[in-house]
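Down below are the structures I want you to see.
Look at the two complexes coming up: subunit A is in both, with subunit B in one and subunit C in the other.
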Partner chain A sequence: MIEFLLLLIFAVFFGLLLHGIHRKVIARIQKRPGPPFWQEILHTLKFSFKQTWIPRTASQVMYVAIVLIAIGIWTAALYVFCIGGSLLLIFAFYMLHKIVEHGTGLSSGSPYTKFGAIRSVMSAAAELPLLVTVSVVYLFTGTLSISGIAGWEAANVPLIGIALPAAVSLYLIILSKAHYGPFSVIEAKELVSGYWTEHFGGWRALLNIALSLKTFVLISVFIVVFIGVLPWWLFLIVMILVMVSVSFICATTPMLTPYNTVLIQTIWTGVVCLYGVIVWVVMIS
Partner chain B sequence: MKKPAYILLAVLFACAAVISAVLADGNPYWVLLLIVSVPGFLISVILACTAGSKDGDIPFVGY
Partner chain C sequence: MMESILVTIPFGDMIHYLSGYTGVLFGFAAVFVLLAVISLPEKPVEIVFGTDGYSLKETPVDLAKFQRFMAIACGIATIGAIVTGDIFNFTLFAAFIGVLNIGIVAAVKNKHVLSAAFSYGLVVMMGTVPLFAGAAIIAATTGTLSIWELAAAGGVPVIAKLLLLIGVLGEGMAPFYIGKAEITRASGAPYILMIHVSSLLLFLRVVEILLTV
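And then the complex of A and B:
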């Protein structure tokens, strides 16, 4: 248990560092100096000590509970990842994150956050390829436990080579949840900060912590499921590389309209479904 | 660039990604091409979708 708590603290700080790297890379590509790498850590510490309250228009219980739920589900997801549990559970936690986005937006009573919440429902299109991803991973490895998948890869080949469309689907999920990304319609600038505009002070610090855990867990799952178990130092380097590649996409593409977001993700779902059917037919025959 | 140019780029990056993924089993250095081609593919697809639209021609830089 102590080991998990230490890992939890490390994951929070490393996730915040990844967010800082994300902002820095975007800024440098766009020829701006950008904030230092550790800015998100400073932000979170600063918000933790700011005066905070609950807006009068907010649903009081929901406003607070949703923050705690966000931290709860990603702490649980990290635990499932650590014990090499089921990939389905990780994706179930990911689906619960949709409730967090929706609840955070609706609980405050602000029109900006409500728009963000409604857009989070539309962005559910990004989750469709995940179902095919799970199926393809199972078809190849015969298991859905993360430790089982890692064991299969150690004995055979990394899945990224033979299940590239499935890997791209999970990569797309990481991209769609990244700040300032082309799919980040739920926190677009015309909505101020989108679904979490009205969560400030300590609430924002806690949401920052939850989102840093989310980034850490999603990138870790991507690496273990599609590349395999790596030495810890190489694992951290690959995590940074994945984050930098996501930042590169965010820096060079405009934010899509909600319509285009759904369109691209639906087309990709079709491609991955086709790939899944081909794999299934080949495996059966 | 025009929309067809972005679509062509997307197809090229997709081909590069598939080839590098297949060859990466034999020689891990092909992963380097994979790391470049997958984001390249996604960027091309996104820019193809937004090309010709009022806001989509120039990447949004005002973060």
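And then the complex of A and C:
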């Protein structure tokens, strides 16, 4: 338990550091100096000690509970990842994060957050390829346990080499959840900060912690499922490289309109479903 | 492929169960039922079109009571869909969730919201056809609707699985926010949120069923 708590603290700080690297890389590509790498850690610490209250228009219990739920689901996701649990559970936690986004937006009473919340439901188009990813991984490895998948890769080949479309789907999920990305319509600037505009002070700090855990878990799962188990130092380097690649896309791609976001995600869903059917037919024949 | 089982409650050949996966879904649904019980509705701020003015909308007590009842019933139906070990019961709970979701939306006395509720209602009604057709095909081809027995015996036709998935997508109406976002004119938390909670949990449960049978 103590080991897990230490890992949890490390994951929070490393996740925040990844968010800081993300901002720095975007800034440098756009020829701006950008904030220091550790800015998101400073942000979170600063928010933690700022004055906090609940808006009068909010559904007060929900407004607070949804923040705790966000931390709860990503802490549980980290635990499942650590014990090499089920990939299906990670998929479930990711889907439950949709409800967190939706609930955060709907609970405050603000029209900006509400539209962010509705856009989060629209971007559910990104989740269907993830289901195909899970199915394809199962078809190849015969297991949905993360430790089992890692064992299969150690005995055979990394899945990224033979199931590239599935890896791209999970990568798109990471991209769609990154700040300032082409699919980040739920926190577009025309909605101020989107679904979490009205969560400030301590609530914002807690949401930052939840999102840093989410980034840490999603990138970790991507590496273990599609590349395999690596030494810890190499694992951290690959995590940073994945984040930098996401930052590069975010820096060079404008934010899409909600319509185009859903359109692109739906087209990719069609492509990856076709791929899933082909893999299934080949595997059973 | 069946997840590791934590609890079983046998009723004849129907074995209701909780695995690690469905246990998480169960816990999540239970938390949101509790939140629906203890939370008061939000007071949405509306911008007055063409001006800098805004208005604060209060939810009438009778409307809040009705929506709360519907949201709690919807949450309980979601829990039923999560723990059941029988595909027919699952389809019944899914149809129940669809009807209750319509109830949450249709309670709002606003023509735009009612228009959205009408459209959602059409989709939900159409969704029941593939939903029950899927269950019927499974019963006809395998002779049982027990998920437990189907997991051991297999042999569920792919077409039945697809129909079940399409039916659930119809009953869980959250995806149709895309086409009819007028729902945003109603107060959101915690009652409208239950629509999304039940839709997503229903989808996650059907994924587990389809991978199991």
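Following the convention adopted for this analysis, the second predicted complex is superposed on the first by the 285 of 285 C-alpha atoms of A that agree within 3 Å, B and C clash if a C-alpha of one lies under 4 Å from a C-alpha of the other, contacts with A are read in each partner's own complex, and residues count from 1 in each chain.
In the analysis below, a residue touches a chain if its C-beta (ideal position, glycine included) is under 8 Å from a C-beta of that chain, and two chains touch if they have at least 3 such contacts.
Computed from a predicted model, the values in this text were never measured in an experiment.
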First (subunit B), second (subunit C), both or neither touched by A:57: second
First, second, both or neither for A:245, with subunit B first and subunit C second: first
Subunit A: partner with more touched residues, subunit B or subunit C: C
First (subunit B), second (subunit C), both or neither touched by A:172: first
Contacts of A:147 with subunit B and subunit C, given as first, second, both or neither: neither
Touching partner for A:264 - first (subunit B), second (subunit C), both, neither: first
Partner chain in contact with A:182 - subunit B first, subunit C second, else both or neither: first
Touching residues (chain side subunit A, partner subunit B) in the complex: 23, 26-27, 30, 157-158, 160-162, 164, 168, 171-172, 175, 180, 182, 189, 241, 245-246, 248-249, 251-256, 260, 263-264
Of all residues in subunit A, those that touch subunit C in their complex: 56-63, 65, 69, 73, 76, 85-86, 88-89, 91-93, 95-96, 98-99, 102-103, 105-111, 114-115, 117-118, 121-122, 124, 131, 135, 138, 144, 262
Subunit A-touching residues of subunit C, taken from the complex the two chains share: 1, 3, 20-21, 24-25, 28, 31-32, 35, 38-47, 56, 174-175, 177-178, 181, 183-184, 188-190, 192-193, 196-197, 200, 203-204, 207-208, 211
In the complex with subunit A, residue positions of subunit B that touch it: 17-18, 21-22, 24-25, 31, 34-35, 38-39, 41-43, 45-47, 49-50, 55-56, 58-63
